[in-house]
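You will see two complexes here that share subunit A, one where it goes with subunit B and one where it goes with subunit C.
After this line comes the complex of A and B, so read on.
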């Protein structure tokens, strides 16, 4: 029964992919040229006036057909790590640069947000005191920080990392605080009656108890970081997948833009899947 | 057995010299403008004694246990254990919680090991493990010790909870309706095991229950609480049955029905009267 359901969902997912490809194919087919002055299509004189060859009665869209896209993608992905100077680096190199920035910024955010979240969760007074600031800072678009960051940090690379840091900080902080604050009272009573010392309390009870909630925050944080890095690199980058997208748009290479967009999606999915795996390993059934 | 509360002024009396725990006039008030949940509760627990506290819901039974455990502070009164005042939780008092309160990400063995390590901080690893396995075997869980709480039945979980409380070798074991969530068969079996272990280890136990038969079977002394709010300790009844009682033959013992009727009568009728008398 379940396998039949699986087969059906696989079929539907395949069919919707096919449907999108078909729409793409048909909407990028060469079209008869249309003049805005009612001159019949295929009029040789009109075509010459428009600077086209007299026989070219059709125009091609600048948007690549699926076939053209795949041919280009194969070519680009053939040498993803080539490096011919800052303006001609392989897409793998660019993706790696973005991933590295995210890892550093996000890693720093985790290192700050998890301990701070513990303080918030264990000390309601501190949470209450600092919560207004968190609530104001949290909805700020990471890119809004950019001018301030550029002025104060004065280093494009560090700015990108700062933007990642500041946007992934809040979800991790708030989820950690919530996870720690909602640890079952019973478990806290157990460690109190056993007179467990603080390091052991944190690493053997509080951390495992709050881990699933912390991981939820970390997944949200990583998602936001991956959203922000592309935009940040469009602004400041001389490398990275966001810079690549903008550069290829300036080259009017829409094939490369589509390829990069797809890779951004795939990389984001892989990052989330990795954290989902970690989350499964720390989950517990009550 | 003191049938008449009016003739039992023992609570105000000086405490037994050999008492392990002396509770003096404790009361708990959650709201400063409201009546206290209970007040003026005094009793002793002597070494090796099994004391049960019975009362209706809302009379503050659990609060009394939490205060003894040091998890809550009384609004009035205080407790002395071994000549020292109880001010906070400690390893000299083991607690079996109402819900099993096992750490769900650890196996049964790891749960007990965690408690043993808390008690014996410098004990070598293998000795800690041996000790934990010993206490799990004591409650009959050798076969299931590598399972997590979610994979254990309710009765098995509560046994792990008991093993965890026993393994720290507390001076007093505090149990908060430990069998409340179990079915009658499992409950009976664990009660028998508990009584056996307590007899072997001379364990002092203070247990909360609302089950009269459980109290008669387990307790040497039954403390009866009147109804809340402003509940009082209405009576301190010694169990007249011999310690050799078993669950099967208990009801054939002389005095079983007298004692049982006395307790049931208290819970059904006199617990409310005692409250009225106290508030009048």
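After this line comes the complex of A and C, so read on.
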């Protein structure tokens, strides 16, 4: 049985969705031709060349109606894994290509950032020494790296991965450092007194103690990575969901762009939910 | 549909008694006499060639109709065995690098590249080509220079700009392997400017162009200057990707653009703009896009380079044939290539089109295709680079042009394919007529800006 509050929030959520759909529907109703000098009624050949049958007096609107969008989405999602060569692959392939890139770049970032974060957290001197650089590099937009990366790495595929790496690195690094640095002094004193060896100290005390904070950083990092990949692929793309958006935009096909945008949102949500699950499993009460 | 091996076969230029099998033998030595040897660049048989080129196409077809079954069969054999057919004239060695990545930008200018792929011209040269749809010209440049593309669709000013190191890059020698297309661009204006057909009224407007080193930029600047506007002061020019041109035109952010097809026609189709003037009416026969690669690639893989040239030459001839245009539009509309409505591509290729102001117009010269890179056109481009301040130094124009637009190479490969020579009397330096003004590559005008 749903609680009163849950029922209310469910209702509000549903109502806002309905509201958006209604606004969408009404603002995209077919309109008459916008240009009085655009389409002469009597000229059948002109009508044909403009992509309209001679009978239809109204033209399609620029923005798809919800119905047109759903019809198109069903068509695209019907064969998500079709493959007609590298320039025409289904949306499933594209989403997969993006996920793979993110996994590689983000995986590398985690491998670098977590150990480095431990060093920062345990050695305040090093953190103080390197912090200015981190603070300068951290706010740089991932796409600003793109020209530099393209020019130095000279490989579009590696560039995209580098961009993912560089932008997901900082949140993980800083959160790990913060998490490690804020481990309770008593615990550190205890392991020092007991002369626990370093591997055990890290894997049985420090890592579990800092895990919730590290995972917060990883969640932020993954979100940033997913934001960046779409933009990066629109720039260098030869595959990926960002390339799909660009390719559909090239055809001015807003239906497909909207579909891709929705899928990007859903995939980002799924990624975040997966990490949230991991985070719950490492949470502890003091 | 007319295919070249059928109709052009009787005009094959043969060097010696041929050795390519009995199926073709009847066409070479016996029916048609040997015309000249391979070294045609010394200019010997000019008269013979241009006389042949001017034989109207219809008579060739009549010839075909009258030809016996065996001749038709022979033509068919030539279609499927181009290697055998050219073995006697072209030094067709082994292709050193059969697997190639070739970049293209999804616009109609890339039609020869798409046809060379889709119609199997690359394949019949023993090349396995992957076309890579690429998001823009800057990226094409970067990928060509870093080697992730072996060769690419280029805007014809790009090989010159890159070879000279303009636009902030280190100079990198690039070669035009073949041209792809001539004409096929347009100035599109927003519908609200339907009454402003005189460029003198365009002061303060914003125009989009696809790239700085593009024919679009140079043509638009030339057009504005011709009508008394300073393109650097009186209007603003904005480098914009073609789909963004249409969207921005619709949104009112720009007043017009000089862009590639099919986006001019797409703007009409979307009721965003109208075609003010076709580039064919500004400069009939102007070059637009080239197909090229780095000089180092051409030197390292000479046979591959020539095989690419032959496939692209065949594709350009295929595209130039009006009866092939509908088929081409159908192929190009596919998602893997242009990903555009077929009717839009069709209009820009056939020149039977809606102009956006309610009139159906016909101009069969709207789009053209030619593989021949005339160095005189390169000199025009270079002179515009100086005119607009992209090129600061004084360079030897004709030599630079000749080094990058190597037309004789293309002529040689076209002859090897037994394709009819263009009707230029083997003149590599034709005098151009650009927007009504004469342009002699040996006496380029000195422009006074503004």
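Going forward, the second predicted complex is superposed on the first by the 256 of 286 C-alpha atoms of A that agree within 3 Å, B and C clash if a C-alpha of one lies under 4 Å from a C-alpha of the other, contacts with A are read in each partner's own complex, and residues count from 1 in each chain.
Convention: a contact is a pair of C-beta atoms (placed from the backbone, for glycine too) under 8 Å apart; a residue touches a chain by one contact, two chains touch by 3 or more.
Just so we're clear, the structure is a prediction, and the values are computed from it rather than from any experiment.
Chemist: Identify the partner contact of A:237: answer first if only subunit B is touched, second if only subunit C is, both if each is, neither if none is.
Modeler: A:237 sits against subunit C, while subunit B stays out of touch.
Chemist: Looking at the overlay, what does A:86 touch: subunit B (first), subunit C (second), both, or neither?
Modeler: A:86 sits against subunit C, while subunit B stays out of touch.
Chemist: Which partner does A:67 reach: the first (subunit B), the second (subunit C), both, or neither?
Modeler: In the superposed model, A:67 contacts neither subunit B nor subunit C.
Chemist: May I ask you to decide whether A:115 touches subunit B, subunit C, both, or neither, giving the answer as first, second, both or neither?
Modeler: Touch partners of A:115: none, neither subunit B nor subunit C.
Chemist: Which chain, subunit B or subunit C, is in touch with more residues of subunit A?
Modeler: Counting residues of subunit A touched by each partner, the higher count goes to C.
Chemist: Who does A:265 touch here: subunit B (first), subunit C (second), both, or neither?
Modeler: neither
Chemist: Output check: A:195 vs subunit B and subunit C. Expected answer is one of first, second, both, neither. What do you get?
Modeler: first
Chemist: Touch check for A:205: first (subunit B), second (subunit C), both, or neither?
Modeler: First partner only, subunit B.
Chemist: Which of the two partners, first being subunit B and second being subunit C, lies in contact with A:19: first, second, both, or neither?
Modeler: neither
Chemist: Touching subunit B and also subunit C: which subunit A residues?
Modeler: none
Chemist: Taking the complex as given, what residues does subunit B use to touch subunit A?
Modeler: Checking each residue of subunit B against subunit A gives 69-71, 88-91, 93-95, 97, 99, 101, 103-105, 114-115, 118-119, 148-150, 168.
Chemist: If you look only at subunit A, which of its residues touch subunit C in the complex?
Modeler: Residue list for subunit A touching subunit C: 33-35, 37-40, 43, 45-46, 48-51, 59, 62, 84-88, 150-151, 154-156, 234-238, 243, 246-252.
Chemist: Can you list the subunit C residues touching subunit A in their complex?
Modeler: 106, 130-135, 139, 142-143, 146-148, 191, 194, 242-243, 246-247, 250, 266, 268-271, 334-337, 339-341, 343-344, 347, 352-354, 356-360
Chemist: Can you list the subunit A residues touching subunit B in their complex?
Modeler: Residue list for subunit A touching subunit B: 184, 186-187, 189-190, 192-196, 200, 204-205, 208-209, 282, 284-286.
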